[in-house]
Amino acid sequence: MSRPDKFIIDGKRLDGRLPDQLRPIKIEVDVLKRADGSCYIEMGKNKVVAAVYGPREAFPRHIQDPSKVVVRYRYNMAPFSVEERKRPGPDRRSIEISKVSKEAFEAVIMKELFPRSVVDIFVEVLQADAGSRTACINAASVALVDAGIPMKGMLTSVAVAKVDGVLVLDPMKEEDNFGEADMPFAFLIRGGKIESVALLQMDGRMTRTEIKEALNLAKKGAMEIYNLQREAIMKQFVEGGEENA
Amino acid sequence: MPEDILVDIKKDYVLSKLRDNERIDGRKFDEFRKVEIKTGIIEKAEGSALVKLGNTQVLVGIKMQPGEPFPDTPDKGIIIVNAELVPLASPTFEPGPPDEISIELARVVDRGIRESEAVDLSKLCIEAGKNVWMVFVDIHALDDDGNLLDASAIASIAALMNTKVPASRFGLGGDFELPINDVPISVTSLVVGDKFLVDPSRDELSIGNTTLTVTVDRDDNIVAMQKSGDYLLSESLLDQIVEASIRVSRKIRENLLSQVSKC
Amino acid sequence: MPEDILVDIKKDYVLSKLRDNERIDGRKFDEFRKVEIKTGIIEKAEGSALVKLGNTQVLVGIKMQPGEPFPDTPDKGIIIVNAELVPLASPTFEPGPPDEISIELARVVDRGIRESEAVDLSKLCIEAGKNVWMVFVDIHALDDDGNLLDASAIASIAALMNTKVPASRFGLGGDFELPINDVPISVTSLVVGDKFLVDPSRDELSIGNTTLTVTVDRDDNIVAMQKSGDYLLSESLLDQIVEASIRVSRKIRENLLSQVSKC
Amino acid sequence: MSRPDKFIIDGKRLDGRLPDQLRPIKIEVDVLKRADGSCYIEMGKNKVVAAVYGPREAFPRHIQDPSKVVVRYRYNMAPFSVEERKRPGPDRRSIEISKVSKEAFEAVIMKELFPRSVVDIFVEVLQADAGSRTACINAASVALVDAGIPMKGMLTSVAVAKVDGVLVLDPMKEEDNFGEADMPFAFLIRGGKIESVALLQMDGRMTRTEIKEALNLAKKGAMEIYNLQREAIMKQFVEGGEENA
Amino acid sequence: MSRPDKFIIDGKRLDGRLPDQLRPIKIEVDVLKRADGSCYIEMGKNKVVAAVYGPREAFPRHIQDPSKVVVRYRYNMAPFSVEERKRPGPDRRSIEISKVSKEAFEAVIMKELFPRSVVDIFVEVLQADAGSRTACINAASVALVDAGIPMKGMLTSVAVAKVDGVLVLDPMKEEDNFGEADMPFAFLIRGGKIESVALLQMDGRMTRTEIKEALNLAKKGAMEIYNLQREAIMKQFVEGGEENA
Amino acid sequence: MPEDILVDIKKDYVLSKLRDNERIDGRKFDEFRKVEIKTGIIEKAEGSALVKLGNTQVLVGIKMQPGEPFPDTPDKGIIIVNAELVPLASPTFEPGPPDEISIELARVVDRGIRESEAVDLSKLCIEAGKNVWMVFVDIHALDDDGNLLDASAIASIAALMNTKVPASRFGLGGDFELPINDVPISVTSLVVGDKFLVDPSRDELSIGNTTLTVTVDRDDNIVAMQKSGDYLLSESLLDQIVEASIRVSRKIRENLLSQVSKC
């Protein structure tokens, strides 16, 4: 992949999207039998699956917290998920993503309800595109609902990039690699409204004003994703109910 | 603790059914669960296949790149099979480097592919002694509802049949289909006393991981066998399982070929 | 146990002071601790800087050597940032490979340097596609009294400004000063409810590692941000912190430049 | 080593053996002082030594089983045991061999007699030839007897290969490397009779009929090895008794 | 660096020192806030810092000794401390140095006073020159005093080398790399007198007589270093007292 | 627990005998156990030696291959000594990477060989700066009945004396004997108060691993020393041990040479 000359031509991005447009998203709930909750998401070319186990007994014992549940989050890439085969096992990037994603979920899970226990969130990137961490958080969030873990609201994640001086929503690979900035967010959405920021990272070059604009653009995108997450959960709830009937 | 009790109850149930010559899900003793195969679902991989064996799910992706050949086979490509039993797939799997179970799984799948000469490695030579195609077969478990091994073997050969050699990406001419010569099928049976259950489910495996895997090529040759688990196997049962495995493998291969248009 | 009680007492004290809009050490909410910088103290390194941020101490050493460029930037040098939180620096650090905290620290420092283009990597090409200068930035924590991240970022850029490229040692011509284009400054704030405390001390961090780091270049651009810790951040607080970070970064940069004669 | 044109000439194998003939075997019992039981075996050019420790307290505690002894088996190759120096530490092959060998012994050790304990079986390959796993099992089996660990019978191991379409017993290196199939077995031998199969692996190409023939050939070889194992134990028993007298 | 033709010219060493002369030494006490005791030492171009934590609860539990304190010692080199960047983490040399240094301190710390506890000694080599292990021991010794850990006396360390057939005190890099022998010592000094040897290593070629001479030369050097250690502690004691007043 | 009691009883017994100036096995204070050496027993290795020192058994194998020289010795071969204290040899050894004990053992053996210049490394240069012979000395402990170190050192030099450089296998001319210049002998003494016991047995070591190792070349030079264990050594004892080690080393060397026909 080489740097494109221009990222936006006639107001449209390289893949034909408008700057404030998301990539196509597909969400399936309860796709795994073993996990207590699970979700499969496609977001652009990202294909990720999330599984939630717990609350279950925390082991080894010394990680137990007598006052609240311990949350673990493991972001892992399949060796075949990227152009050049990735050696199995966590690298520095995966470890950082796992840390900030875990902290975002720690901020929204009702942790006090399950002292001495652990909730494990495992996300596997089966195919990676720009924004795999955001796709994973969206999948994990739905999987947590599927597992019945009480949360303050839904966690919904999307990134904003800057290319040719323009802020664009949900960047694709070229925009991520060669753009001027990349800024992933995750929001707590409660009662259909965005309440606060649970995850925030940025690298590139942005002014204070651009950061405010990026936030607003991300909020718009997050609400759209949130509606798809809700829809998928509802569908599962209804169909799951039918199946059990 | 409650987990243990559950396992005990399941075990009793499986065994009591067995005394009536029945399996808990109503299958015949030599009957596989439903096999569903989707290939080509990971566009970034050279080949891929998602296999559902009942509720067991395995995704295999193939990546290829040029590399140095082994000194004793300077004109042949190289296949490397690797399995990751990621904790997403089962509450009993833990993060970390491959343990003895995932290593055994990868090696048994590898032997099936290698010994049946499923991939024509002689067509994967780029420059003899210097540069050959390396084929990475990465087995990624998604949901372990029993018999990950057969699901992995099926997904591996299906993914290989779906593979395009990415020659153009490396400036080595045009892409071409990975040359496939055979379709080995692995058949795993759970051994219980003097009986055996083909393609055991996780509930059935609650009685113990006492299995025999027999991998069969398209000419009914046995190309790999692996006894796994702490049990003693009688001679007669061994022959019965071999016979059944040959029989069952034909059906699975036919099924596989009907879903994967190739070979 | 007594350790836990101590933490609780500190926490209560910090919070009660905060209710009176005061910090326990009398600083203003947007005030850094005293920053002392000594450069060139490790003669064997290509560059080095010891930074004291109050009682927090970090030593950064720079080593350089020729190496292969990344395929996608064949004519550019490479920067590798690595952090070792050695157990000497804190009773909570343990020997062993880098954990998530030291990895996050190194990566945030790295992004500040990289995105501000502080080092002119295009001047570190020896032979395009074959040989470029690799710059190892090794962060060595000595004493953790809070906010190791900002101390590490300051020490890293100060050490880079102090670096001579050791060309002669590798028979690659005369030594020259590492070309520096910018001086990114990272400003970390502790978020407590609707307030934030710039450059938190360890005692202040007893209320939790809930921080936001904002790295600013010399043109007041934000070049890196990192929310760290399990808390929820309001939109308005985010903007306030960004505003304050830009303001504070100017003072720190001025201070740094007055102590490090360069750029 | 390169592939020979023919493996069998005038009914004889490359090393002069008949197809159903074993390589020379040498067995010594109680060769180590520290171990609770030990055995040294040469089988062709294989030179292996086995040590047994236990039953002893299982540590760390969480590996203990309240209903039976835990069996551990570690197959390890000395760095100088092979043509090209082997890096120390377990590789994937060693881990697989250790697993299937352990399971074979688990099937024959009277495990219920020693709850909460562990029996450690360590085998070191000092020089490797074809069939090192079978030599190791034979040595471990004798070492277990030497250590006084109660078993249902003796475990005896031998492989069968197929070369030039002919089944051959106890293959040498050339037959193993370039042959058409390799099939290692371990048998439980009780009361002087082969009772069942405790270890079985195979790779290559064999028909169902050949597998049955291979089993019979292996049984013949195993009985011969069993007699040597018995003899060595008897000798040790008598001499050990004399020494102690 | 290449081998010099001569190491001693007109009775003087390459850096102008006499054979029985130490390199310049600088000692600072209590340089770190978090540690219970600390010390920074420069000894030639060596720059090392030592920190002591403890006595504190030994963890994990199974390392606890009910009769005495456990001493741990970690010698670690910063990646930038040497000419060619050192990969982080312990190598074989560091592990050996840590072992013999730990044992030297175990021999002088009053271990029985703190059963079930651990004393951790961490030394970081910020810049390495010949004799970094001796500089580290000297720093650790002062840091232990600063931490108030009761000892039988002071531990003081220095090396002797042989170059051009002459024994030289406190060798510099060239003498260490290309000399005929290197012999690091650490002594227990109690009541202002050298009592015994706590650490001793040697490699090179020396006669029995030379070893005795080396010991005497090392003792002379150690007494000088000991006086500097004492002085630095006294100064800290006085100034620390003033600060606290 | 019973293990601990046994150690205490042994310790008391050793100490009470010592008060009578006796060793528990009747040896003199400066007497080695019987040394038996068998060389060439691993045909696949370039050289090998099995040494029995009383009941202590160590096997050393030598493997050689061409490799790159160190930059500062471009025309010299390389020796790498590695020790594996495999759990087969003692109930106290654990599987896993080398710990501090095996590393110390390997390094002390290495120093004896290196500093006595036992192997003529200048004759192991194939092409200066590019290709030299690498000599891997792998120490494999089999039975630890005390003083593995001296047994390892004896086995290492005996194996080196038994080594043929496998030049023909690498197409580098005819095989030749590894050129040996010296026969270093390591002598380890257990220090107990003001006494020392040469070649301590495991039972004697129950009083503590407080040893001094002195390695001596054929000209009575000391080439390596290592104090090991948490004890204080008096000056006078140091000299006595050096004196005794020189004396004892001559006997061991003579014994070794009589069993290994070479040099």
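The letters A, B, C, D, E and F name the chains in turn, as written, and every chain counts its residues from 1.
In this section, contacts are C-beta pairs under 8 Å (C-beta built on N, C-alpha and C of every residue); 3 or more make two chains touch, one makes a residue touch a chain.
The shown structure was predicted, so the numbers you read here are calculated from the model rather than taken from an experiment.
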| item | value |
| --- | --- |
| Chain labels contacting chain B and also chain F | D |
| Steps needed, at fewest, to go from chain A to chain D via touching chains | 2 |
| Reference chain D; chain at largest CA-centroid distance | C |
| Distance-maximising chain from chain F - centres being C-alpha averages | A |
| Mean-CA-position distance for chain D and chain B (Å) | 28 |
| Euclidean distance of C-alpha centroids - chain A vs chain B, Å | 32 |
| Cα-centroid distance, chain C relative to chain F, in whole angstrom | 49 |
| Per-residue multi-chain contacts in chain B, two or more chains | 98 |
| Interface hub residues of chain E, defined as touching at least two other chains | none |
| Overall pattern in which the protein chains touch one another (line/ring/star/complete/other) | ring |
| Cyclic ordering of chains (reference chain C, direction chain E) | C, E, F, D, B, A |
| Interfacial residue positions of chain A with respect to chain B in the complex | 32-35, 45, 47, 49-51, 53, 56, 74, 76, 78-85, 88-90, 120, 122-124, 126-128 |
| Contacting residues of chain D [partner chain B, same complex] | 92-93, 95-96, 98-100, 102-104, 106-108, 181, 183, 188, 195-208, 211-212, 215 |
| Chain D contact footprint on chain B (complex, rising order) | 98, 100-101, 103-104, 106-107, 111, 114-116, 212, 217, 220-235, 238-239, 242-243, 246 |
| List of chain C residues in touch with chain E within their complex | 41-45, 48, 55, 57, 59, 61-63, 65, 82, 84, 86-91, 95, 97-98, 136, 138, 140, 142-145 |
